[in-house]
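Mind looking over this structure? Questions follow.
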Amino acid sequence: MTEKPTLSVKDLRVGSPFTELLHGISFDIAAGERVGLIGESGSGKSLTATSVMGLLPETLTATGTVSLNGADADLLTAGERRLNQLRGNTMAMVFQEPMTALNPLMRVGAQVAEIMTVHHPDRGRRQARQRAVELLAQVKLPNPAETALAFPHQLSGGQRQRVMLAMAMANDPQLLLCDEPTTALDVTVQAEVLKLIGNLVTDRGTALLLITHDIAVVAEVCQRVLVMYQGDIVEDGPVGRVLTAPQHPYTQKLIAASDLSSVDDRGRLHTMSMPVISTPGAAQSSPGPIQADAAAALTVPPHRAAHQRLEPDGPPVIFNEATGAPAISVRGLSRQYRRRGGGLFAPAPIVHGLREVSFDVAEGQRFGIVGESGSGKSTLMRILCALDQPSSGTVNVLGQSIDGASERQLRNFRSQVQIVFQDPMGSLDPRMRVRDIVAEPLRQVSRAEALARVEAQLAAVGLDADVMHRHPHQFSGGQRQRISIARALITRPRVLVADEAVSALDVSVRAQVLNLLADLVDEYQLTLVFVSHDLGVIRHLCDTVAVISDGRIVECGPTASVYDRPLHPYTQQLVSATPSMHELARRVTS
Amino acid sequence: MFASIATIMVASMALVGCSSGSTTAEGEPDTSLTVGLLATPGNLDYTTTAGAAIPQALLYNVYEGLVKLDNDGTIIPLLAESWTVSDDGLVYDFLLHDGVTFSDGSPFTAESVKFSLERVKDNWTANGPAYLDPIASIEVVSDTEARIILSKPSNSWLFNMSGPVGTMFTESALADLATAPVGTGPYTVSSFKTGDSLVLAANADYWGEVPYMTDVTLRYFTDATAQTNALLSGDINLISGISQFQLVDQFKSNTDFQVLEGASTGEVTLSMNNASDAFSDVRVRQAVMYAIDRQAVMDTANSGYGLLIGSMVPPTDPWYDESLADLYPYDPDQATELLAEAGVSDLTVAFKIPNLPYAVAGAQVVKDQLAKVGITADVTVLEFPAVWLDDVFSSHDYDMSLIMHSEPRDVNAFAAPTYYAGYDSPAVMAKFAEADAADATTYVELMKEATTTMAEEAAADWLYLQPAISLADADLLGVPKNTPSLALDLSTIAR
Amino acid sequence: MVLVVLRRMGVFATTVVVASIVTFLMLSILPGNAARIALGVQATEADVAAQATAMGLDRPAVVRYLDWFGRVLIGDFGTSTVSRQAIGPEITDALGITVILVLTSVVLALLFAIPFGILTAVRQRKPDGAILSGISQIGVAVPGFLAGMLLVTVFAVTFRWLPAGGWVDPGENFKEFLEHLILPAIALGSVQGAVLSRYVRSSVLEVMREDFIRTARAKGLGAGRALFRHGLRNAAVPVMTVLGLQIATLLVGAVVIERVFSIPGLGSLLLDKVALRDLPAVQGIVLVLVVFVLALNFLVDLAFTLIDPRLRSAA
Amino acid sequence: MTAIKSETVTRRPAGHGGGATLWAGLVLIGLVLLAAVVSVFWTPFDPEGVFSDSILLPPGAEHLLGTDSFGRDVFSSILRGAQISLLVGTVAVGIAAVLGVPFGIVAGMNPGRLDQFMMRGNDISLAFPALLLAIIFGAIFGAGTVTAMVALGIGTAPAFALIARSGTMQIMSREYLQAARASGKSGLFIGLRHVLPNISGMLIVQASVSFGIAVLAEAALSYLGLGTPPPTPSWGRMLQDAQGYLFIEPLLIVWPGIAIAVAVLGFNLLGDGLRDRFDPRMQVNR
């Protein structure tokens, strides 16, 4: 036997007075080993980390043993004083939410310095402050001396996460726990931060436990992976092996569902047939009542986009220009916001949401818009749905000009264009019953007819009629998204706009909803505008994609073409940051 | 009179000698006094500002007139050493004290008398300038002799001269009456904070006997309980005229304090609007008289303190008739009968009362008793003085009210047809006029007749006379018991 | 930053003007004749009418407003119809008293509420925390004047340790000033303290759930240290809002305690002047109260900007 | 799956504390409500009459809590006084909600100039606290229950407006409102159908707390002579009346004091309990 493992967890059970949430998990992490802990929401992966840190909420209790370096006594029973000595010194943790994990009222340099003065009061403040700046430099923050004086809100999400890392690594801990460290970050930033984490722990020989729902993240950083499912670890193995030859059925399904490039013989994504969602009563979804023809699903629409990019300082380009009467036609669209504040007499500063955007979407096209947060993609979506007005330019949807149109003029438009939103929690009014939510877009329809149509529509998205009288909180995320889709389709719209419609869903559910969406777009011959940050999802669902950055469309063309031969540097960066499963497997095993 | 004060002084000096509690560390007698009062003066100018608060503080203390009322209600000389009246009652010759100066140093002479009294007619707007209407002319005979000639004989004007209108002013200090009063009195105003306190200091150059108390603070309270708490905790030494009598009993059993019960001029009056539909019939008013158990009202609302009077005359007036208190005994049956006789049933009256504790308490008892004879009193509590004055006093828009009339000898005013009571009896008015011009004996006779008639005709229900109860530290001497005038005479108080 | 302040001041000035108009309009419909009150019950109707003219009561409302507010802007609140004195000094004196009283009580309240609130938050799930929390709940439920009356009864009347009421200016006699201040400040402060401690408690509870507290704990700070170093300043923000509102309501709200203790504060002055229908004084007092509150909100806003760097650059 | 499990945890109120607080509040309010309802039909004695022969009796078999200076049975007055307290609270909170909530929702739904303008207006109303309004209104319309209720209502309205506005602003970013707008629903519909129901939780909490404050304020106004005029019994005035008898019959001040404390405590506890129940941040959510 060689040295003791850095972290040893044995038969860890965590429970509330009402239920048990972790059912006795055991694992070791060797010194310098990088281990990923993967699972879907609620699988218990975060509880594992907080148990190790001794930061469980008071309402939960843990049993079993957790020991560091094999030497120490059980951390679960250790006193607060002993834990305080270990936390931030021997073991450190980085949390998911960079926006809230830092004290908003304290300069970041001071927050980094604090972890050193707490554990090494003898070294002095000045030294801690200097070391903080060094650490900020090590996590590759620009102008570390200046950044040290910044407040958290002045930094971007990625920068804040770097600060968190600097803090965690300050005392060269033997164990670093990262709980979804990159989930809230943009794809390109995510890649950089992951690389940074990898480098930091490798350089220092720190053991890493990285918790995530995203296999790609694990593949990027870890050597070994633990798969968690419903409070149990179901698989434990080297990343390459698990990725290519998963043993446990759950892992197999998870990886299959994660792979958006792999489809079954009907062109549909692999879904998880395990009872992942054991909901009361509601139908399990696929196969839904719609039997989409696989061939039809893959039919390339008549219009085929040209692959174009925006040249630096070049003239504005009209992307995806369509002949005849396109479903959507946007010309010279700009949207500026007046930010609050400014001087007494000086005009308020202007923020450019969109600049000179021009493109068409042909009837029946599946048009993807991809971009990172702040790129302007949400503004564009809002304008397309007439929820916001352009500052200049024209927007024509289904022959209706919507710039400057009154709500009365938009009445017909409203039933023709519908939206599916991102947040399955927020997109349904928690105070309304499902039948009222779904019926909401209907106008001048008798109650009886409305109910009949709601029932039919719910059936079409794979939900039983008895869900009509329930409230949204009684449903899981995937089911809620089905309800959202039912609401959007009840008026038989011609254009469906989906705003990050699957981004908040677990991998397994994501595949089901994407399949459903694809089926319905075909069934109803919809023109689809799909807005997302996730290139993989768009690649699966859309035939054409526009890449948007800093308020401009920088590149647009057939999805495969853009993905395989990105023209714009930004697109290239984006594509390389979102590797496919095959690519990942290749990287890991090589 | 002076003798009596002097006696008190001597007695008090003797007492001071053996009372350790009231001397300062050096053994000097403690000559500072803090008095707790309820009504706060808005300013210090009673020539243009109404209300009893200013005369209470200043009259006899800072300001003086030719005559004053002693604590028994007798007119005694003040700045006038003596006076003579002509046989026809028209010419008054006053002999003034010599060497009197105002507190600003200017001399007080017969010129001052002429100046002050002539000024009343044109410059006074409050406190009854009409009281001096009988004066025809004022002559300065010499520095110390002033002659006042009346246009008709008047029994009331000399009495009124003892009130605010008789005050002597100096021409040199009229600029700031509202804050810096200058008089000939034993005290001067050293500071005044509206709503809080008025501090008086002994006037070192006072022409008469210098008062025992050299520093007097009048502290104003808005709440009777706060006032008694202040006395109990030793913040103040004296409460003159407590207004809530349930607070009195705790002092009776406490040997640290003395309770002085005296007579006031405050008739608590259940006024009925004689001119209103409800009460124009004398039988209805009389029914009310029978319906009200005045003793019960006094017991409940006033903790039993007070005196049943039955007319608007306090015992300190010479024409007081104690038999009037029994004129209308409590007799609900009689009341019901009278109402039936008057053909009144289901009478509902607008009972508008001021938001003063005694009125609010009394009204509840009255309402309850009226209900027993079938009269419904619709109680509305009006803000006093603002709204009550407007609604009830000026506009006469009421049927019934409950208010204390505290001015001395105010019965004539009450009988005026234009007054808010709406009592219209030419006979009574004539009798008052006749009385004023008559000789002293007839005066009392006629006054008695007129006031009795008013009581018989139930011009109002004079429920009871508010007692003048003073609460004081046990070692205080010479605290004025009665309040025959508006003034709180501090000059007699000693330890 | 300077521009932010300037802009806010502009808004502040506008609200003050609007508030002055509201004040004027509201009080212009006061019933009761100031002239009649000044002259008393014996004055004739003609006298009263002449007095009304002399007091300027018969001019059109717009003229009276402009005349009044124009003078107020140059610091002239007019002359009281009752005391015949300039109103300004009367208001300043009373305001000074009330401000001293209110601030002392707020300091006392904070001295009690901060430790108590934190304690009840930290011990939330322990029995002693629940008991302490219950005590503050009962404290909130006791009317302030009842507390005042009981304090007087015990400490002034029964033990004669302290005066039952009244006021002494600090410049006059500081010891007596303090003696007169203690009981009313405690009466006013105890209820406020109970109220504030509830806010401190919920604010601390909320902050303790924040992610950055978890971060601090993960750094190795003990629960107490994490709360003190990171939580309290964050928890202070909502408490300060409440505090600002409380001081605002207390300026008038202190009137009850002022009545119990016979303190000539601004609320008492207002009640007296309203009773006497001293319109210029009432207008002045209400305006001062309102502007004081607006100014207080303005300052609280500025204070937030100082505490919270996010507001500094966002504005 | 675990999503469901975590939901069961989420929807359970925080610990036993929240539930106990809520129940304690409901029990206390229930007592007050019971007193108010019972006193409509029956009280041991007439609480408005005057009984000269039974003045200031100590507590005993006949008069459970003794009698006051008018000979009125204190127990009867306490029972009847519950009516006034509940009336004042209900009407004041009602007025505040009716004025403040629509105001706050409209402001919250129209961010930008209109919101700014309305909020400055709200600042000005905040500068007129309820007590100041009560003094002024008392002078204008005469003191009384109605004046007190209206002044308290108007004085409390800005608080409701602030709560409604901040709630609305939170709701406004929710996607279901976007969905409703995308369906062409009018502002009125969205305000009534989506916003109001979703902010009702925090409004109820605010209402409960304001109710307690109104009961206290009624007592304070009665002390200043701006409250309910006699003979209608009100706890505040009973307290005020009892003040003069503190040394004669100290118990007189105790009963209404307890009654007020019970009512205020009840509403505060209810508010706390409801906050625990409604405010998602106060819930175990991990």
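Per-chain residue numbering starts at 1, and chain names A, B, C and D are given in the order in which the chains are listed.
Methods note: a residue touches a chain if its C-beta (ideal position, glycine included) is under 8 Å from a C-beta of that chain, and two chains touch if they have at least 3 such contacts.
By chain, with names taken from UniProt: A = ABC transporter ATP-binding protein; C, D = ABC transporter permease.
As the structure is a computational prediction, the values presented were derived from the model and not from experiment.
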Query raised in the report: Looking at the contacts, which chains touch chain B and chain C alike?
Result: D
Query raised in the report: Once you count every C-beta pair in contact for both, which comes out on top, B-D or A-D?
Result: A-D
Report task. State the chain with the largest centre-to-centre distance from chain C, centres being mean CA positions. Result -> A
**Report entry** Whole-Å gap separating chain A and chain C, where each centre is the average of the chain's CA atoms
**Finding:** 50
Report summary line: Here the gap between chain A and chain D, centre to centre from mean Cα coordinates and rounded to Å, is 45
Query raised in the report: What whole-Å value do you get for the distance between chain A and chain B if each is reduced to the mean of its CA atoms?
Result: 87
Query - Junction residues of chain D, two or more chains touched - result: 15, 138-139, 243, 246
Report summary line: Where chain B touches two or more other chains at once, the residues are 225, 383, 386-387
**Report entry** Contacts with 2+ other chains: residues of chain A
**Finding:** none
Query raised in the report: Hey, which chains are touching each other here?
Result: A-C, A-D, B-C, B-D, C-D
Query raised in the report: Which bits of chain C are touching chain B when the two form their complex?
Result: 31-33, 36-43, 45, 47, 51, 80, 82-85, 90, 93, 149, 152-153, 156-157, 160, 162-167, 259-262, 264, 268-269, 271-272, 274-278
Report summary line: Within their complex, chain D touches chain A through residues 1-9, 11-12, 15, 173-176, 178-186, 193-194, 197-198, 200, 284, 286
Report summary line: Within the complex, chain D is touched by chain C residues 11, 14-15, 18-19, 22, 26-27, 29-32, 124-125, 130, 137-138, 140-146, 149, 153, 202, 205-206, 209, 245, 248-249, 252-253, 255-256, 259, 267, 270-271, 274, 286, 289-291, 293-294, 297
Query raised in the report: Which positions of chain D touch chain B when the two form their complex?
Result: 49-50, 52, 55, 69-71, 138-139, 142-144, 225, 229-231, 243-248
Query raised in the report: Once bound in the complex, which stretches of chain C touch chain A?
Result: 3-4, 6-7, 10, 125, 210-212, 214-223, 225, 229-230, 233-234, 307-310, 313-315
